[in-house]
Structures are given as structure tokens and as C-alpha cells.
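First comes the structure, then the notes that go with it.
Read from first to last, the chains carry the letters A, B, C and D; within each, the first residue is number 1.
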């Protein structure tokens, strides 16, 4: 890994520097487009006290759910959680803190974190428990609340293809939160299905420009389906 | 034009409803990626008293510059103007109002306008004339100013290819402000070089999803080069 | 008789217009897609980042990278676009979606909606619901008129924590179609065979009954 | 002797590190691209929406849809990406660009910079300069040490309207390379044959002169 060759060959190297107590931003929606091998590597490393920012927290035994088994997550910032029993138990036992954030606000907070916008107003959540303690302001007769950006020490991201410059494209709806996490991480690690030759990705079709990416690793993926639904 | 077939066949139809005093958002950077035929049509219509939001104001006789000739623009919101003599004259004569906005703030204001964010904080412009009259706030020891969103009655946009659903892709750096204007217009009109068959554009490679687009028209373009610079 | 789930979906489908971009929530709202009227074409927005949701896949089409906001496997229709979650909620928050249909626990005469949290029960999260109700101009709430215990869900004031404040103007229940105007529910249509008296008895919030309240037909 | 424009560009090029993303302003900063050291690869960011700016085009490559922030026709190098202006300034504002090099009228001991507006002259606009100085951690200002009338451009306090406040830490002039620390210019290097006295006489803001002030070599 030197200059613009951002490829690393082991998952240990991919997460080098990850320490207890850090904030990790994870791409994915449900089990779709999650950085499953990077999550597994966090488990292997045994890093603890993590704040994890992700729309969901996986399921029992897969995705971010595996980090619950050894109590590696201290705090979860998410829009929808509790697809797994362990999450519920740790939450009720007070071993896990949860900050529920509307999905669009979560996406916008990450986008803001990457884009140097420290805070923004949104109508989402006005008049609800989400607005508690937040500044309310009226613009053109409507009420909005002030929300702050989120950024992280590490971003763990799942792409489809990347080149060694760190340019990434995502496949179908596996895009979701991945480009947002990528831009908001101080160290951004992307695992992909394929590393392509330089020049193979059309410049105007790149979803995450390499400037946001620090390390690229090629992996193999289970891609578990959460709700297999077939036509009648 | 019905349902999802957003094609119109004449420029008159493309700008139907444009009235004196409206705010028009125009894509383009310099003369690159400007909606040249839609601008020409505004001239033909003789609409007056317009507020135009665009990074630049064209040159004498081309681009938005042609709207100066009949004094159709009342106010210009831009980051860099005065590439043409007529602009300068009208400005000094007090016939034209200018609101200079940093380029990145202008882009973000349009993005906010399309995205339902009424205002955001940015460090850009703090301590400068741009900050005058604006709220200043400190986040993590740094100063930021509050900037408001921009949206428009019409957006005029130049794309490369579109399908009849209004999905648009842009070519190279002709993308610039075009997708931002497209999302922030109440009525968004896109002129393109080619209208392709439905299904031809890869869903995950579309720059402007059709939901932002009201009318599509196929045109021919001069694409004047402002600074022709060749390798020595 | 109270409307069936399918009839509720059918009734809502009549609100669809050609060229509408529509976001359908989980449950009955999802069924609306089955009743799009002849000659009307709509595009379904799925807030995880898909505009132009198609049918569920066949076994051959099944793709783990292609899911909807309910995490079900789906396909994309012709004319679809796919984008990241910030862009998806830019669309929603920016008011670009023409119609949003979603369920609720309670709605009140001020247009408040409660749909995500029952104190004392485990809170799983609001997902995209707060963004959807804050962003859409045009929302229809679909729910049963009363709970299983017979308690009205159309209230003078929501008792549960809100999902959004002052954002609901239309409600379809199994008994009636109502609009919220000037701090009251206005009864616009009755389910076939359901009397104004029954609706009144099950509506806790102020109910305005116009002279004519037509019965829905199916 | 004062540095030539080419020498100024050369000196700045020594600050480039392998893998840097760099934004170069108009004028001398643009020339820096000609002096990238052996073994160092950088990517040039052009704020209209291009990361990985390449050489100017040949006649055959000329394309009106491919320009840089100076509105000149350019090419894209291998590994380039192209995006909209909001994304471009997200990169800049978000601090993702490793080095920004730009010109100025004045710089002061507080790290303030004035580069866009001279009162009384027609104001053409700040373009992306305010975003660049507010967003970059690492900025080098390049300018002549004094105006043509001999007036210092390194001031106790900028006299012209600012482009950014407290954001400049490094300045290269035709006479010297200086860092701004604790409210003073610290003289780090002299142009070949230029004395500390000459630099001191042309620096209006407080100047700190360390014991050793090496001469630049070319």
C-alpha cells in the first residue's frame, strides 16, 4: 500500500489501527450490502467499547449481530434495530446504549459528516421524541429541528468493484448507506467483490471517488438474504 | 406528455408557464454543460424581471449573457460573473442586482433546496463579507455561518442522454451544477443530446432520477469552448 | 360491513394518478400496488434507494443485492433508478414523492400521527417513517378505525409518542374515509353498510358529518 | 535574487507527497503540476467536478464537455472520477483534499487571507476560493512578497476584504518561505542570494527569524 495503490491483502491489515472505544460507521441496509468480512474481522480482533453507526444491527449470528456476542458494541446509532434477540437482551440489561435516529436524518448526518457541514435543519422528527433537547426553528412557517453531523474513526464499507485508486461502484440496492459511510470515515476501508484494472471504471459513473478511500480489499461474500420473497 | 412520458417536442412547450419575475435555476459551469437552447427560448419569450441562479452568467452573446441584451435578468445569484462587458455595464448602472455566493455554498444551497434542508452551517465565508448579517455559531471550536437553501420556479438543465421517464445522465464535466438545479426546481426542464429507449440507462448509473424531472426535450448544441487550451 | 384489507388497498388505489411517484409502507399499503387502475402508471419509491420497484423476483431473478425497504427481495422495473440513502431521503424530505401511504397506531384531529413506539414495549426504531411523514405533502394513513378492544384510533389528541406533528390530512380506516380539516375529522365516505352512527361511536376525535356521506362501492 | 514563477512552482512541488490529492489555483499554482518530483504521484482536483485532471488535450482529444475550474479544456487521467459540484465541494469542505495551493493579494499574521476583492474595482466573485481556504487543512499561499509599488503583502492585518479567516499557515513568496505561528511570520527559507534584511524590510507583519535560515537551492 503506497501512493495511490490502496490495496491491502489481509483483513488484519485492512483494520490496522482500530482501537477500543472508537466510532465505526458501517454501510448496509438490513443484511444487504454489509461489509461482512470486515465485521467478522472486528470480532476476531476483539475490539471493545465501540460506537457503531449503521442503519440496522444485523441479525443473530450474522452482520453486526456477531459483535453483540462478545459485547463489543457499547453504543448503537441506528434507525431500526432489534431484528435479533441478543440485541434486545443487552439493551434491556443496560449493557448497550441505543440512539435511535430517523433513517433519512441518519443518512443526512453521515453525508454532512463527510461534506464538512457540522449541522443542518430538517423537519423530520419535529414534535416527536427525536426533537427532545434539540433547537427548533421556523423557516417559511414550518418547524424544523437542528441535527448534527456524524463522522467516524473508521468506516467499513462494502462495494462491488473498485480499482486500486479506491474508486468504488456499488451493485444495485447494496449501495444504500455505503457511499455515505465511506465519505464520513477518517480511515475508510472498502471490501469489494472484484478489483478491476485502472481505467476500467468510467470516471463519471464512479459512486465513491478514491479520495474518500484509504484501503481496499478483495473478499468473498455470503450475502445472506433476510427476507427471501418470490413472485407468487 | 402524459404519465411518465415527459418528452415535449418544442422549446415553447418546454418552458410553458415561465413568467415575469420568476426564479430560474440554470445548470452549467462557464459555458460547459449550459442549457443553451432553453436560454435562447427564454430570450425569445421575452420573460423579464428574472432572478437567475447559476454559477456564472455566460459571455457576451452566448449562454446566459444573451438574457442581458434585453435586460431580462433583474438579479443574478452566482459565484463568478463579469466575463462579459454587458454584465459589467448593467451592474454599474444599477440595472442588475448581484448576490455573490461562494461556489461550494451555492452548490450546497441548491442541493439543500432539492433535499428539503432549509438551512445548514458551513465554515465557508466566515470572517468575510459573505458572512455579513448571517448567524455565526461555533462547533468543536470552529466558526461556521448559517446559509439558507435555494429553490426555483423553473430549473433549466443540460443533460447528455435521457429516457422518457426523465432519467438523465451527464457527460464528463458538463455534469457540474446540472443535477443540483434539476432537483431544486419546482418545474424542471432538461434538454439532452439524445433520448434513449426505456431500459437503456443502467438504474444505478443514473445521475438525475426521473422524479426530479418534469419535461425532457431533445436539442442540438453548439457547445462553445470558452478557453480552448491545447497540449504544447 | 368493515372493509377487508384488500378493499382498503383497493380504495386507496383510486387515489393514484398517472405519473405518480408513490411510497407504500409495510402491510396494507404494500397491497395497494396490486390495484393500480387501468391506464394509470405509477413508480414505487423504496426508501433504501430504489425508485421504480418491480415485482418480487422469480427464483432465477433472486438477487441479495436487490431488496426493498421492507428487506424483501424485489426487482426493478423499466425506468427505475437506484441511488444511495441520502439521495433517497433527499427525494422524500424534499417533497418529490407524490403520495405516501402508511399505517399508524393513532391519528388525531391536529393531523398528528403516532406509529412507531408504544411505551413499555421494546422500541425497535422509526426507520424512515418520520422522514416520510415530514417530507410528503400528500399522505394517506391506513389503519383499523378502532383497536381490538374497541378503542378509537381517531383521537382528539394522540396518546402515544408522535411520528410526526400536523402532517396528516387523510385517513382510510376499515369503516370510513376521512379528511382532517380545521381540527376535526370530516367523514367523506362510509364503508358499504356501515352507518354514520357506528362511525361516530368509534371516533373519539371531533367528527364532522356532511349532509351527504356516500358509501364506497367495490 | 527573487524566485522566478517557475522556481516558485518548483519549490512548492517539494511539498507534494506520494498519494496526495491536490487543488491548484490559477496562475503560479497551476505550474506546480509541471514539477512533481520523481517517484511521487498526485491527483489534481478541479473544483468544477473532476478528480484526476490530466494534461491539456491534443486537437483530437479536445472536448467542450471536459474542462477544468479555470474553464480550460483538459483531459482526465487514469483513475479519475467526475461528479457534480456539490460532491466536489463536499470533498473540499470536508477536508479530504491534502493540499491546496492558491494565490493571494494579502496574508496576515493571524492567518487571514484576502484574494478576491479590491474595493472600488469591479467585483467578479470569489468562485471556489472561500470554500477552498475554509475546507483545507493544508494550504500554501503563493504570491510576490511585495506589490509592484514595493508595499508588503505580509501584513499585521489584511486591509482588503477577507477570503478566509485564520486559515493560512504557510506562504511562499518570490523572496522566502514562511510559516505563520503564534501571530507572526516565521522565516523558514530564503530565496538564493536574498538577505534576511531584505525580507525583513519587505515584511510589514511581525517576522520571527530563527538562528538558521537556509537558502533554497534549485
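Assume a residue touches a chain if its C-beta (ideal position, glycine included) is under 8 Å from a C-beta of that chain, and two chains touch if they have at least 3 such contacts.
Everything numeric here is computed off the predicted structure, so don't read it as measured data.
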Comparing A-C with B-C, the one with more C-beta contacts is A-C
Top of the farthest list for chain D, CA-centroid basis, is C
Whole-Å distance, C-alpha centre of chain C to that of chain D, is 55
Per the C-alpha centroid definition, the whole-Å distance linking chain B and chain D comes out as 29
Per the C-alpha centroid definition, the whole-Å distance linking chain B and chain C comes out as 35
Touching two or more other chains in chain D are residues 50, 76, 82-83, 89, 92-93, 135
Residue numbers in chain B touching two or more further chains are 108, 111, 115-117, 122-123, 170-172, 175, 203-204, 207
Among line, ring, star, complete and other, the chain contact graph is other
Which chains touch? The pairs are A-B, A-C, A-D, B-C, B-D
The answer for chain C against chain B in the complex is residues 18-19, 21, 40-41, 43, 45, 50-52, 76, 78-83, 87, 89-97, 135
Per the touch rule above, chain B residues touching chain D in the complex are 29-33, 55, 78-83, 88, 91-92, 100, 102-108, 110-111, 122-130, 143, 160, 170-180, 207, 223-232
Contacts from chain B onto chain A in the complex sit at residues 108, 112, 115-123, 137, 139-140, 142, 144, 148, 169-172, 175, 203-205, 207
Note: in the complex, chain C contacts chain A through residues 46-50, 55-59, 62-68, 70-74, 76, 82-86, 88-89, 92-93, 112, 117, 122-131, 134-135, 161-166
Chain D partner, complex, touching residues on chain A are 2-4, 111, 113-117, 163, 165, 167, 183, 198-199, 203-204, 206, 209-212
